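Chain naming follows the written order as A, B and C, and within any one chain the residues start at number 1.
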Amino acid sequence: MGIRIDNGEVIDPIHEEDCVSRSVHIKDGKIVKDAGKDAFVIDAKDCVVMAGGVDIHTHVAGPKVNFARLMTPEDHRYEHITREGGYERSGTGGVAATTYTTGYRYAEMGYTTIVEPAVPPLGARHAHEEMVDIPMLDKALFVLLGNSEIIFQYLEKGEQEKVKEYISWIMDATKAYSVKIVNPGGTNLWKYRGNLSDIDEKLRDFNVTPRQIINSIADAMTELGLPHPLHLHCNNIGLPDSYKTVIATINAMEGRPVHLTHLQFNSYGSSGKRKFNSQVPALADIINSNPNITIDVGQVVFGHTVTITADGPFEYHLHKLGGQKWYNGDVECEDGCGVVPYDYKRKSFVNCVQWAIGLELFLLIDDPWQVFLTTDHPNAGPFMAYPTIIKMLMDKDFRKEQISKISAEAQLEIPLKVLEREYSFYEIAVITRAGTAKRLGMTDKGHIGIGADGDIAIYRKSNDYEEMFSIPAYVIKDGEIVVKDGKVVKQVDGRTYYVKPTTGHADIKSDLEDFFENYYTININNYPVGLEYLHRPQLTPCLD
Amino acid sequence: MITLTLKRESNIPLDGDVITPDALHDKTNAKIKSTLITWGNKKLPLGEFFNVDGEKSSSITVIGNCDKVKLIGHEMSFGSILIKGNAGYNTGSYMTGGTLEIEGNTRDYLGAMMEGGQIICNGNTGHFLGGAYKGESSGMEGGEIIVHGNAGHEVGGFMRRGLIVVGGNCGDFPGIFMLAGTVVIIGQSGDRAGANMVRGTVVLMKDAPILPSFYENSLLRSPAIDVLLNRISRFGINANPGHTFRRFNGDVNQIGKGEILVCTSKQN
Amino acid sequence: MVALQLGGAPAATLGEVKNRADLIIFWGSNPAESHPRHFTRYSGTAKGRMNPNGRKDRHVVVVDIRKTPSVKYSDEFIQIKPGNDYEVFTVMRMIANGHIPDTDMVGGIPLQTLIDLVERCKKARMGVLFFGQGITETKGKHQNSTAIYQFGKDMTKHSKFLTLPMRGHYNVVGSGNVMCWQTGYPFAVNFGKGYPRFNPGEFSVVDLLLRREPDVAVIVAAEPIDHLPYAAAKHLENIPTIVLDPRKTLTTKIAKVIIPVKHAGVSVEGTAYRMDHIPIKMQAVLESPWPKDDIPLSTIINRIKKIRSEEKKTDGGKAA
């Protein structure tokens, strides 16, 4: 049976529809012209109708997320969901929530697609097994290659074709959607307890610099026609003056398309009384004049969280600052990871500046198609805070009220205090679904045109945008009503998107066999993840 | 006064977190009887397990061997509970106020994560007395726990504030990871007292091995300790003031601001 | 596991050990007997990126209460008195943190030996401490592991240092991982209230059985009669015990119901997690007439669900 949504105001930025009153028809899981006479009718009077949300960067599955769950039983203890409460599977909450809880919570906010952006190739099997247990959502994962020793070896010899061939092989072996680079070179040096401070610094074991790594992988990805460009977590994250690294990286990219992820963590300067300030105005200027660059924010949310990143040295730095629990897990030949619980405090000057920087990025980057809403879940805060962030963007009075609550010293210094811009519904739709779907190259997502996936979120209009976006009237996934009044009513399983690039210009088989024999501890034949690990696998074609 | 008399003992544990003044003080007798209580994986009326006398009172007496009744006094914030018999796991956990007295023994995690109020246990108790649940970085945040009998390992782990007194002996690691607060062991303590303590005081009235990460720095006769011991003896525990203590500072692997006081004089 | 929850740990996959570690310490672990291939594949003689000569590029230390068979593969043996590991690690942490312990001898080990060992750790390119049941199952239990992880963290101030547990039993890491992503906790999970609760000591198997709380047991691919204390195992004889296992074991002997299933990783393909949390694909190599173990389990669950919903209908929703 189809579904027809009547009387709603459709916001579909991909088709430039801004509050257009029209009916939406869904049948067989897709948006269609006419759902037929027997269609179930939803009256969306006083509601906005948007495509299901698409989160471009959220850590929800994989080995390091599971370590975060393992390490934070104290968070799970105070929050849980039960079958009695209407859910198919019980689970516990907290910031690093269990897989089922994660799926339900996303759906209950109107999100239908997420991307797990940082999986080391060796952990891909684990990540896929976990993603099968995340219901309600379509999923994809990015594979981490910024510290891959195989790529370093090829770079040393200048064999770009082989880099390309390897990326193609590893993406198929891990059933990944795109490639992410985290602290290129730095995590490799962490294996000797080191780190990099400059993109032209050489590694210890390899005659390679971050500049080479980034450019080589970006070029290879463009040539392979991957739907999403390089997803980059820059060097020197979280440190004062990290904005200089971003500028150097952007310059080094020489116009190649790139997605700079959780840029908030890299927008710090070192001036001001406390030697820590916002450099968003400088970065926003560059981004505004480079349409090839997109970013997601990584908005800080005050409160308790747990940080999870492949940036091993940064996590150790954070652990030393606060003395919290710290887990480090280097991954052979590939990458590393670290987990540290953290509290963002309103009293802390640095945390407040970080919080303001996130909002400044939203407000100072002119084109919403270049800036996306994330909290880098759970690094800067849990994704459950999205509705609050949306309210801060749409309602400047609410924002000012929030500013008045942070550290007085920070209030004086942040550029945020003079910003008056307010987001419209249209712009919110861009930063939460249309823009992200477009940047991910998921052509079936993020819009309500004929042929798109039947993923719809219907929000009741309200002046309290937080309430509006946290309790959708309906959420429809693949043409089925799965959430009603902000509560899951039906559990469904989503697809896993992957990309299978082809090249065949270089032969790397014997290289790989040698490499695995010498440096890995598992057999190359046991390495690739087969399609049997994916639930409803969905192949996304490469660009020409 | 509400009196609950256990009428049905079973191997399968009851979750007694509904047995608190907070949950029962405004309920009629019939309402109390019909309050659901978790038994294994079922929820059944409390009246099936207890004879209920009285109603609408903030003082509760529980009679019977409640060894299998966990979580009595969980999150209680006022009033009083008297358990005439043993009590199970997690008794008085997350308690914020009121008094809880147990005439018999209890199992592990008595007064875990406690924030205020007073717990008196006349028998023995298990491990993790006044402790932190696994993963928590701070355990007991206030209140006092007086145990007349023996306690198990890790008394007052991750304690942040408050007082724990063990009248008998205790197992290893009393005051482990302690952040502040006071632990007094009148009987014989196990090994490794105060391991990884940050601040706070552990008083051992009998000599016990101290970890090398504590440096002995002085002999001490402190009026403050005498006041404390005087107060403890008022609970009927044999803690005579007037002793001299060896003072150890540590744990130097943390910041070294905790202290362990070991009584020098032979007692009893 | 509990130690990880208390403070975390510096760890890595075994390939890092193979490629970079030049100092290996086995503490309370006897790989020659318990993990016979560990030494050749990852830790002792394995050749890697920075260890092209294998064993010659590494210094191997064994710390144990007796001369185990592993000692003959080591460069250095340090004998420790039983039950003193916590004290020894406390002193090693003090040395690493720059304090001078006020003692000459700890746990039967001369202080100078420990100072030398810590110095060696500091100078190492990458030091790795493997610890086994000799330390996790003795006096102090999980606090011993905590002390080791803390030592690892203290050493990280000076040089790269890893602390890795030598986990035993096939795929124990895998079950921990799955439990963790589904419930948030790695073991000792109680669903009695309709959601996962965790409290080792209260909800762990041995304690539950010792208190005789379970009134039915379903055992999947485990050997409790062989591994648990006698008093705990005894309770399984007194209650209906249902065992899913491909083999005859001591546990199947006492079981009321035995459901033969395929042997995971032998007759049915699947994933197993190595001790360093790397998932490995297992191929099916033998034919077996039995079903996969999830089939009987899901059949039972579906049947219970059906009975429950029928109960609800007849009771008008009164049944819990």
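FYI, a residue touches a chain if its C-beta (ideal position, glycine included) is under 8 Å from a C-beta of that chain, and two chains touch if they have at least 3 such contacts.
Bear in mind that the values here come from a model prediction, so they are computed numbers and not experimental data.
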Would you mind telling me which chain pair, B-C or A-C, is linked by more contacting C-beta pairs? A-C
Report back the single chain whose CA centre is most distant from the CA centre of chain A. B
Averaging over Cα atoms per chain, report the distance between chain A and chain B in Å. 46
For chain A and chain C, what's the span in angstrom between their mean Cα positions? 33
Each of the following residues of chain A touches two or more other chains, namely 71-73, 77, 325
In chain C, the residues touching two or more other chains are 5-6, 191, 193-194, 198
Per-residue overlap in chain B, given as positions that touch at least 2 other chains: 133-135
Using the touch definition from the top, list the residues of chain A that touch chain C in their complex. 61, 63, 65-66, 69-73, 76-77, 80-84, 89-92, 94, 96-100, 122-123, 125-126, 129-130, 133, 149, 191-193, 205, 316, 319, 325-333, 336, 339-340, 518-522, 526, 529-530
Chain B touches which residues of chain A in the complex? 71-74, 77, 324-325
Which residues of chain C touch chain A in the complex? 1, 4-16, 18-20, 41-42, 47-50, 125-126, 153, 156, 159-160, 162, 176-178, 180-186, 191, 193-198, 271, 273, 277-281
Under the stated contact criterion, what part of chain B meets chain C in this complex? 11-13, 15, 38, 40-44, 68, 70, 89-90, 108-109, 127-128, 133-135, 154, 172-173, 176-177, 192, 195-196, 211-213, 215-216, 251-253
Sites on chain B touched by chain A in the complex: 133-137
